[in-house]
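Take a look at these structures.
Two complexes follow with chain A in common, the first pairing it with chain B and the second with chain C.
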Partner chain A sequence: MDQRAPNLLDEALGLVDEEKTKPWPLSSRVVLLEDRVETSGAFVLHHLLKRALSPHSSNDVVVFLAFSQPFSHYDRVLRKLGCNLTAQRENNRFFFLDLLMSEFPDGDEGNKDGLVALYGKIEKVVTTSFQENKKCITIVIDDFSLMEVAANGSTNYVLDFLRYCRTLTSAFGCSLVVLNHEDIYSSIERPALILQMEYLADILIKAEPLATGLATDVHGQLTVLNKEIRDEQGSSRNKICNFHFRVKENGVEYFYPGSKT
Partner chain B sequence: MDSKAWTLIKLINCRPDVHNHWPGVAGSREPPLKSESTASTLSTKSLLTITYTPGLKYGPNGTIFISSGIPDLDKILGGGFPLGSLVMVMEDAEAPHHMLLLRNFMSQGLVHKQPLLYASPSKDPKGFLGTLPTPGASKDDKSRDHDPENENGLRIAWQYKKYFGENQHHFDSNRDVKHEYCHDFDLRKPLEKHFISGQHIDCVSILDSPNLAALRDRCATFLAQFPRNDSSISSAGRISIQSFCAPQCKYSNMEWDMLSFIRSLRSVIRSSNAVAVVTFPPSLLSPSFSRRWQHMADTLLSVRAIPDEDKEMAKLLTGYQDMVGLLNVHKVAHINTQVPVILDATTFSIKLQKRRFLVLESLNQAPIDSSSGTSYGTSASCSGSSKSGTLDF
Partner chain C sequence: MAESICRALRDGALQGEHAPALTIKDSIASPFGFHVFTHLLTQLSSNILAAKSQSRGLVLVAFSRSPSFYLDLLNRKGIDVASSQKWIEILDCYTDPLGWKDALLASENGGSLSNEASTGASLCRNVKDMDKLYSSIIELGKGIVGQGKVRFCVAIDSVNEILRHASISSVAGLLSNLRSNDRVSSIFWLSHSDLHEDRVTAVLEYMSSMVASIEPLNQSANGRRCNWESLPLLEHNYWKGRFHVRFKRRNGRVRVMSEEFHVEQSAINFRSISSEDEIVNRSLLPKVQFNLQLSEKEQIDRAKVVLPFEHQGTGKPIQIYDGRRSLTDGKSETEPVSTGILQTNENSSKGEIIYLRDSDDERPDSDEDPDDDLDI
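Up next is the complex of A and B:
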C-alpha cells in the first residue's frame, strides 16, 4: 500500500497536498479526537504522528505528552506504519514526555512537577524549535481524561493548561491534538469539560462504533467536522465527513459506508 | 506458491520482530523497515510460540501471556492475559461469579509458582486461600471437545476461510504443552497445601484503610520484583484485587482517589511482567466514573447472574438449566498494536461441567417451536449496543 496515497481521513483534514506548497494544514489549529470504550480512536493519533513526522517535511517537530502508554508501545505501532520513533527522538524531532506516573495536584504552583512546569517545558521546546526554523510543531496529548485523573479531578486546572497550550497555536503556529473519551462525559448532567473542549477545537474527529455493533470487516465509523475551512472562493464553511474504517497493523482502510470491497 | 508459505518466507527475511520472539537474544532492534516494500499481507501471527517456562506463552507483537486459569477464557482472549496489562471484571452485585474467575486466576498462579498479591475487603484475606481450587485430573476424564483441530476436518466454503484461523494457530502448535500452561481446576477440591505454603503470597485487607496509599505502596513493592526489560523473563507476578469499590471500605466514597490508584497501578504494571485483575461492582459507581474505570482496563469482562427460573430464557437457550451465569467480554487487550480484537461472540454462558470444572460456552439458540409461532425479535437482537439488554448475542 502506497503510504503517500491520500485517504479519506487525509482529505477530510485537508492533508492531501503532498508538494508542500501550502504550509502544514493543521498549523494553528486545535484537533479534538473523541472515542469510546467500544471503539478506540488511538489509530488516528498514530496516523497524525506518522504524517507529522514524514520524511518529506524535515522541519516538523512533535511534542508528545503520554499519559496512556509507554514509549515502547508507540514505537512498535509506528514502526509497523513505517515511522521510526526512536530515530526521530534521537534527531530531536520527536519529544516524548512520559507522564504515566506523574501527578499534578492542584494548588501546587511552585511545584516543579506540576502542570505549570509541564507547560513551561512544552513552551521551551516550542520556542527553541521555532528559533531553529522548525516551524511546524505539533503537540499531542494522549489522553486528556488521564490528565484529569492526574490532576485529581480539578477540571479548571486542566482546562487552564489546555488554554495555555492553545495560546501556543496562535503565537507559534503549532497544532494541538488532544484525545479524550466522549462517553465519560455523556452520562453526566452538565458535561462542561467536553463542551468546552469541543468549542475550543477547530477540527473534531469522533470515532464511534457502528450502530449495528462490532464487526470484523468494519471496525467503526469516523465523523470529521472541520470548522471554517477556506474553499477556493475564499469563503469559509464547515465541512462534515463521515466514513467507515478498518484498522490493520500497517495502516487503516477508510471507505464510505457500503463501499468496502 | 501458496500464500501462507510466501508470507512465511517474507517474515523470515524481512521482519526484525521475529527476533523478539527468542528471549535472551541480546541485541538492539534492526533498522526500520522500508514501509513501501512491506506487503500489507504480512501478518503478525506468531510463528514461534515457544514456552521456556511452563507458565508463560509467547504471542505476537512481543506480548507474553499468562493463563487466566480457565482454558476456555484463554482461548477466547487469544492466549490468556498479556503481561503488563490490567484486567477489570465488572461484578454483578447479586451474584458472586466474579469469585470464580478470581479463584481460578489465583490458583493458576500458585500452581505455576508465580508470586501473588491478593487484596480484599474482608478482615482476613488469608482465609480465602483455603477456597482456591486444585488442578483437576488428567484430560482424559473430560468428555468435552473444543478441539479446533476437529474443525479443520470440516469443508469450509472458500469465501469464509478468511474469518477463521485468527486464534486457532495459538493452540495448534501448543497442544502438547497446553496442559502445563493452563490447568482445569476442580472447584470441589481445595488447593493442596504445598502450593500455598512457602509461596510468595501477600494478602492485604483493604477494609480498614482510610486511603489507598498503603495499598499503592504494597503494589509498587510487589511489582518491583518483576521489572520489564529486554532480557529474558524469569518470573511473572499476579495481583488480584477483589471488589475494589466495595462500600464497606473507608475509601469507597473517594472517587478520584480510587481512580488515581487504578491509574498508578496501570502505569506501573505497564513496565512490569505482571498482570492485575481487579473486580468491582459498577452499580456502586456513578456512570461517568464507571466509564473512566472501563477505559483504564486493557481487558474488560463482566459477569452476570442468571435467574433461577426464567421460562423465557429457558425457551431461548439450550442447556439453560446448567448455566450458572453469563460472561461478557467487552474489551480484549491489544498491547503494542493498534488493531482491535473483535470476537465472533462476546457473551458466553458460565457452566460447571460435572459440577466441578468451569467452562464457558457460546450461547446457542434453542430450536424454534414451530407450533407456537412466536418471534424471537425482541430478545435475540444482534445489536451490539452498550446498554445491556437481557441477552446480547
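Up next is the complex of A and C:
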C-alpha cells in the first residue's frame, strides 16, 4: 500500500525519496495551503498527515490544531488512507488539540492570552518531543480562518501566533502546514493577512476549480509553488508545478492536464 | 546598478548630512525583495571586512529570519563570520518579539530555552517600544565600533513587522533618528509594499535617498495576484523581473535606472536590460511588401520636388499673394494649365508634378481668391 509510485504532489513537494535516507524535506519549512469553496484542499492536508505519520520512521510527531473538524472525522478519513490515527495518538506520535469549541475570552487581552496559552501548549509538545529525540515534527493548523474566528477576528494576534509557530520551525526544524481559504479574502482590497501568509510560506499550494468549469473526472487543479528546494549539497532550485486531481474514496489521483486516459 | 547601490551604501554619509538610506520594496507578484536584501547584505559585509567601506560594522535587525539563518548565509557566501563579534551584531527581533516565550517561561518556571539564544545575538523582547529599539540598535553599533568617530551600517530586514506593532509615525521617527545619527554610515530596509496603504510606502520612500523596487516582468491584469491561467508563461517569468532604482541627489535631482534580475539557486543575478529583448523586438517587426523608409536616392528626389504654391525665389522677389491683385508672373502658369499640364519649371532634371484635369467641367486651377470681394 505504501510502496505506490510517488505521485505528482509528492514530486512537487520534493517528498520523493527512494532510499528513505534524506531527512524530511519539509523540515524547517512553512507550507501554506489555499483552497476555495468549490474545491476543498483538505485532501492535501490528509495526504501530508499520512506522509508525516508514515510507518518508516517512528520519530515523526504531528501536532494537529483542529478548528474545523472533530477527531473522529480525521480518524475515519485517514483510516481509508491506511493510517490509524487512534493508534498513533496512543503512541504519542499524534497530538490532537481539539479547538473546535474553543473561544478565547472576550477583549483584547483575552484574545492575546488565549493565543499565548495555545502557543505554549504547542511549544511544550515540541520541546518534549525534541528532547525525546523525535526530530521530525509537523505542526498542522486546520484551518486558519477559523482560528481567526476563535480569536474574535483579531488578525494581528493571529499573525503573531503564526510568527511564533514559525520560530519553532527554525529552532527545532519543525514543519508548519497551514490551511486557509483564499476566496474569503477576495473582496478586500488589501488582504494583508493572506498576503502576509504568502510571504511567510516557503511552499504555496493552491487548490482551485478548473478554469473551464466542472468536469466529472477532474475535480480541480493544484498549483504548487516551491520557493526553494535545497538538497544536501546546499544547492537549490525553484519550481512551479500545475496538475489536475481527482479525489477518490481512498486516495487521490494526480495527473497532468490532458494526460488522463 | 545594484552595484551603484552597493557603492552608495559603502561610501556612507558625509559629515553633517543624513546617512544614505535605501528602501527595497517588492510585492507578492514578484516577492524577491529578500533576495535583494541578502545580496546587498553580503556585498556590504564583504566591503566592511575588506575595510573598503566607511563603516566598520553592521547592525542587522532581524525580524523575518533567525540570526542563525543570517550567519549561515554569510558563511555560505564565504564571508568570515567567525570573527563576527567584531564587525556584525544581530538584534534578534525574530525569536521572541512580543515576549510571549518569556512570559510562558516565567509562568511555568522551567522548560527549555530556545536554541536561538546560543547564537550570541541580542534578543529584543518588546518590539513595540521604538525608543528601546532605537537605543539598542545604537548601543550594539557603538559596541562594535567603539566610542570614536567610526560609523556603522544598519540593516532592517522587514519594516512591515515593525509596522504591525507600531504606528507609521513612530516607525518613521525611528528610521529618521537612525538616519540622522552621526554614527550611522548608511541604512537600508526591506518593505513589502502591498501589505500597507500607499501612504505608508510613500512615507518610507520620502525618507530614503534610494528606492529599489522589484516588479514582475509582466504585470498581470488584476495587479495583485499572479495570473495562474497563463501558467507556462508564469513559470518562465516568475523568477525574473525588473529592478528599478531611483536615486535622489542632494540637490534634488532624481535619476531612475532599470535593470533585470533573475533568481536562480537562491542567488539573485542582475544584468542590464537585455539587448536580447531588443533583438526579439526587431525580429518581431512584420515583414511588409512596402518600404517604411526611403532610400537615399528617393530622399534626394523627394527633396527636389517643387510643391505647388511654394515660393521658389529664383532670383525674382518673392511676392506673397494677398488676395487683392493677381500675380504678375501668371504667364508661365496660365499657359500650361490650358493644355492640362502644369509644369512649374522647364528644367527637367528637377522633380515635377504632373496634373491632369479630369474633365473640362472642372474649372482650371486659378489663384483667384474666392473671397476676393471681401475686405479681409
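Here, the second predicted complex is superposed on the first by the 239 of 261 C-alpha atoms of A that agree within 3 Å, B and C clash if a C-alpha of one lies under 4 Å from a C-alpha of the other, contacts with A are read in each partner's own complex, and residues count from 1 in each chain.
Methods note: a residue touches a chain if its C-beta (ideal position, glycine included) is under 8 Å from a C-beta of that chain, and two chains touch if they have at least 3 such contacts.
Quick caveat, the model's predicted, so the values are computed rather than measured.
In the superposition on chain A, A:Gly173 contacts neither chain B nor chain C. Shared-chain residue A:Leu146: touches chain B; no touch with chain C.
Residue contacts after overlaying the shared chain place A:Thr127 against chain C, while chain B stays out of touching range. In the superposed three-chain model, the partner touching more residues of chain A is B, compared with the other of chain B and chain C. When both complexes are overlaid on chain A, the residue A:Gln69 reaches chain B alone and has no touch with chain C.
Residues of chain A that lie in the contact sets of both chain B and chain C are absent, per the superposition on chain A. In the complex of the two chains, the chain A residues touching chain B come out as 1-3, 36-40, 42-43, 46, 69-70, 72-73, 76-77, 79-84, 86-87, 100-101, 103, 145-146, 149-150, 152-153, 181, 183-185, 187-188, 209, 212-216, 219, 247-251. Contacts from chain B toward chain A in the complex involve residues 29, 31-36, 38, 40, 42-44, 61-62, 163, 255-257, 259-260, 263-264, 267-268, 270-271, 286-288, 291-292, 294-295, 300, 330-331, 335-340, 342, 346, 382-386.
Only residues 116, 119-120, 123-124, 127, 131, 156, 159-160, 163-164, 167, 170-172, 190, 192, 195-196, 198-199, 206, 208, 211, 223, 225, 228, 230, 234-240, 242 of chain A touch chain C when the two sit together in their complex.
Listing the residues of chain C that touch chain A in their complex gives 28, 31, 65-66, 68-69, 76, 94-98, 100-101, 103-104, 107-108, 111-112, 114-116, 160-161, 164, 192, 194-197, 228-229, 231, 234-235, 238-239, 263-266.
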